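In structure tokens below, several structures.
Shared between the two complexes below is subunit A, which has subunit B as its partner in the first and subunit C in the second.
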Partner chain A sequence: MYLLNRHQRHVVNYSWMLFSLLIIAFLPFMLFGGLYFKSFLLLKTHTLKDLVFSHSWHPSRGEFGFYPFIVGSVWVTLLAIFISTPICLLTAINVTQYAKKRFLRIMHPVIDILAGIPSVVYGVWGILVIVPFISRYLGPWFGVQTMGYSILAGAFVLSIMIIPFILNIMIEIFRAIPTELKEATLSLGTTKWQMVKHVLLRKALPGIIASVGFGLARAFGETMAVLMVVGNVIKVPHSVFDPGYTLPALIANNYGEVLSIPQYDSALMFAALILLAVSLFFNLLMHFFIARYNKY
Partner chain B sequence: MKRTLKAEETFFRVLMNLTTAFILIILGIIIYSVFEKGMKAMSWEMLTSVPSGGYYYGKGGGILNAIVGSLVLAFGATILAFLIGLPVALYMNVFLVRRKRLVNLIRFILDLIWGVPSIVYGAFGFTLMVLVGLQTSLLAGIITVTLFILPIMIRSMDEILRTVPMGLSEATYSLGSNKSELAFKIFTRQSVSGIITAVLLSFGRAIGDAASVLFTAGYTDNLPNSLMEPVATLPLSIFFQLASPVPEVQARAYASALVLTVIILIVSLFSRGLGKRYHKTKINF
Partner chain C sequence: METAIRIKDLNVFAGKTQILNDINVEIPKNEITVILGPSGCGKTTLLKCMNRLTDLYPELKVSGEILINDKNIFAPGADISKLRQSMGLLSQRPYPLPMTIYNNIAYALKLRGVRGRRKLHLLVMDYLKQANLYEEVRQRLREPASRLSIGQQQRLCLARGLAVNPDIILADEPTSALDPISSRFIDEKFQEIKPHFTIVVVTHVLRQARRIADNVIFMYMGEVVEQGPAKEFFENPREEKTKSYLEGMFN
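What follows is the complex of A and B.
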């Protein structure tokens, strides 16, 4: 019936499992090692300080200043976080504390669909809705002439994209708070909002911070949607209505043309290395933060 | 005092309802605007033909190359990720079940690489391609996307497998089975619904991601016919058509976005439906 006997099948299955596990275990090191190896060419001739703080980006002259891209990325990411954190927090409280149980069952598919929409579709939506909105209404309202393709447009689109991600974690956090704690507080004669404000928020604070941290890491590396609406102008932005350029967009836009200049290729790999490092750093930080906090 | 308290609560409740409504409305606007713009340029020709000469200047043709390409790429990557992912998830929950620290370390690593942006996988995949002398091709795309969806697939399978009760393992051992039989015959059957959900979730990710296939899968106007040739994908076809200055081509980008969105919605619907259907095979304790 079978080609192999039971023991042989066990050995085959076992080695298959172990082999797969090894692939996974080495993947982060391979990612880091591969990108570091490729960006070594650039790091040999430029100091790290030069690369990060220099303004001039002229690949043909061998000048690689990542400052405009880093600033662009940081602006877009922070703005997006500022927009989506309060929205997620209030919605999570509403859904878990105030709304009926049934409502959570509506909210889950909504979150799933928002999380499942591909980033290119978010980009299309940004071009269709957000960009005209900024150039026609928001810009003139603040007295600014703008095409709409700006840091703010990138931040808006990005903030919508990370809402499902942050909201999902926050809902889990609020649901994990024991009912006894809420009941004990309410029995002291507080109103529901006082209970939420003084007890729930304090209890959930580390989780909330962690969810924002994870969202930040996710937002920093988002490529296509931001690339499509942020304007892609290599200049340090001075206001949120200025067009900008982000690190992931830099990689995505220039990959086809770099092979002629080896240092350019290396520079883009360095940009990928920065993204990887930022993502790993924030995820590590938040994991240790949660692990430490859970002890108490 | 009491009145300000009341006012504060009312204020925040209104604010909460507003933000909740905001999220629902945004989803509505996204779906509406994609459908509204997409339906205008949608035609049978779009769905059933490959781009003819001059397609990118507004002449006839369709995006069949990208639809088929995306499906083939996503299927390939999902199957490959399943072949690597399921054993890892089973190994963690059957063989390492008593070594909590090691399992937690693996989970931690998986969470870390889950957070890595897809463009980094794209860059890494390209480095790998250059290293082994591979051109932009379907194969390179599949490998890169596999790496990208692996952590997602393993972690969601793992979340299901860890809920399998100890009693089931003990009962299986008592009948004389070994560990790999327990893993592949009992654990997989007990968790079928969860595994299907995990696979469909990864498939959705694989088909929607553009940044990882940008340098690895390339782009072509032909249908995919070999692993070694470039392949077109829907996200990239949307991206390239939008960059065109011709309004008709841009309109087709919206139609392509509609196709992609519909595929994603169908996958998400399936994962809900199938998940419920296979609950029957599960033994309840």
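What follows is the complex of A and C.
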């Protein structure tokens, strides 16, 4: 026998489900509200424009210009996306359309392993491989004197890190295209490449955009690996060989030591708020593009 | 009577399972040949062999010969794109290309080598009219094809299939997902155009076969049981299996 009757059990279960749903739905708002509240101290004395566009970062003098961090983050993220998107797209097309099925079966665990490696390991790999490679070969090749710790190093490491995430989604997207559509296209007399270029890519476009957006959001927030190779110099970078500083690195590097200056604490909260706002912006942008291209 | 497609000793295996067993058939030119049989008897596979869509399924092993214009389509070096272009395909459910209604047909025309904006436009309109779709879509040519109803989409696919200017039309249960009016239109269209095309239709619907077939190939469990002119097949079947199928004993 049950303690409650059928209807009562329905009410209990339903309210529990509703409660869980509400928690998840309100979580972003709570985060946003919390961060806004904590950064209020900073916003009281500085205008938003000053914070976002000022170059000078001197917490002890009460100057909080986030511009170098924002620029650093955006550079690293966009470069990483530019490097990894074509690689992922070509790989996804190859393994789903051209390669033998066996190959895809091998690829899946490889991708999962790549996705599971802790980011600090990627960081160490960046320091040992990418940074020397840039300072010894790539920089001199372009005629630039560089330490190697640079925006480019951050972007390289980051691009490798986000490849498994983007690639996984892209493979699923291409696999989801019905064979019958391929048959219909080929029966018009297209070559395989024409089919890929004119039909499959078009069909997959909303999904491709979504996967890139997902990668973008991940890349923008990635902390550890980038922090280890990007140089952490508070300066607006003028080339990809310059060192830079990113928003997540700012928070991670300084959070422990700021408690003596209340405004500093508030400034780091504001950095988190920017991060959240930017990922929200990317998210909305992607939804816009998906809706735009999803009509076919 | 000329033969359009001659199939010799065709065997298809999927792993160890034999899907088609020693198929030997001849498909006459400019007539409607219906491949009839219960589900899972290999009808669709046989159809897909004819334009080598079987290539898309690496697990299928095909042996034997299919001769079209006396050329074996499985011969090494055969131009598969050209082969497929000489056959329009109409599948079970319509699969419009992810483009506008207009471009669905224009794309097929461009593949066939039609150039020039004006010429394209005239031909697109012509094929839409042939598929009895023009009146319904002329205001919305720039809309995505996926917004059409299923019946309209299938007629668009028919227009697209005709637009590549094929000699042969392969249809795989082309009306099974359609409303009665669209179905009837497709059946009637086949009758109308058959002087210019060789048409192969796969179906498991007896009524449809009776309605449209000039010739029937009856298949069961991967083998051809009986083939011949429709009149003879329906009125005077030779094989026991055919008789029981016609009487609705199995399916």
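Everything below uses one rule, namely that the second predicted complex is superposed on the first by the 258 of 296 C-alpha atoms of A that agree within 3 Å, B and C clash if a C-alpha of one lies under 4 Å from a C-alpha of the other, contacts with A are read in each partner's own complex, and residues count from 1 in each chain.
Definition applied: a residue touches a chain if its C-beta (ideal position, glycine included) is under 8 Å from a C-beta of that chain, and two chains touch if they have at least 3 such contacts.
Because the structure is a prediction, the values reported are computed rather than measured.
Asks: Consider subunit A as the common anchor and indicate whether subunit B and subunit C clash or fit when overlaid.
Replies: Taken together on subunit A, subunit C would fit alongside subunit B, as the superposition shows.
Asks: Quick one: classify A:Lys203 as touching subunit B (first), subunit C (second), both or neither.
Replies: A:Lys203 sits against subunit C, while subunit B stays out of touch.
Asks: Going by the contact rule set out at the top, does A:Phe288 touch subunit B (first), subunit C (second), both, or neither?
Replies: In the superposition, A:Phe288 contacts neither subunit B nor subunit C.
Asks: Determine, under the contact definition given at the top, whether A:Met224 touches first (subunit B), second (subunit C), both, or neither.
Replies: first
Asks: Going by the contact rule set out at the top, does A:Phe142 touch subunit B (first), subunit C (second), both, or neither?
Replies: In the superposition, A:Phe142 contacts neither subunit B nor subunit C.
Asks: Applying the document's definition of touch, where does A:Thr179 land relative to subunit B and subunit C: first, second, both, or neither?
Replies: After superposing on A, A:Thr179 lies in contact with subunit C but is clear of subunit B.
Asks: Quick one: is A:Leu31 in contact with subunit B, with subunit C, with both, or with neither? Answer first, second, both or neither.
Replies: After superposing on A, A:Leu31 lies in contact with subunit B but is clear of subunit C.
Asks: Look at the residues of subunit A and decide whether subunit B or subunit C touches more of them.
Replies: Counting contacted residues of subunit A, the larger count belongs to B.
Asks: Mind working out whether A:Thr191 is in touch with subunit B, subunit C, both or neither, as first, second, both or neither?
Replies: The answer is both, since A:Thr191 touches subunit B and subunit C.
Asks: Upon superposition of the two complexes, what minimum C-alpha distance (Å) separates subunit B from subunit C?
Replies: After superposing on chain A, subunit B and subunit C come no closer than 11 Å at C-alpha.
Asks: In the superposed view, which residues of subunit A touch subunit B and also subunit C?
Replies: Common interface on subunit A, subunit B vs subunit C: 191, 194.
Asks: Spell out the residues on subunit A that touch subunit B in their complex, using ranges where they run on.
Replies: Touch residues, subunit A against subunit B: 6-7, 9-10, 13-14, 16-18, 20-21, 23-25, 27-28, 30-31, 34-35, 37-38, 86-87, 90-91, 93-95, 98-99, 109-110, 112-114, 116-125, 127-129, 160, 163, 167, 191-194, 214, 217-218, 220-224, 228, 248, 251-252, 255-256, 268-269, 272, 275-276, 279-280, 282-284, 287.
Asks: For the complex, which residues does subunit A have touching subunit C?
Replies: Contact set of subunit A toward subunit C: 100-101, 178-191, 194, 198-199, 202-203, 295-296.
Asks: If we count contacts the way the header does, which residues on subunit C are in touch with subunit A in the complex?
Replies: 48, 51, 53, 56, 58, 81-82, 84-85, 87-89, 91-93, 95, 97-99, 107-108, 111-112, 144-147, 157, 160-161, 164, 170
Asks: Could you pull out which subunit B residues touch subunit A in their complex?
Replies: 5-6, 8-9, 12-13, 15-17, 19-20, 22-24, 26-27, 29-30, 33-34, 37, 83-85, 87-88, 90-92, 95, 106, 108-113, 115-124, 126-128, 147, 150-151, 154, 178-181, 183-184, 204, 207-211, 214-215, 235, 238-239, 242, 253-254, 257, 260-261, 264-265, 267-268, 272
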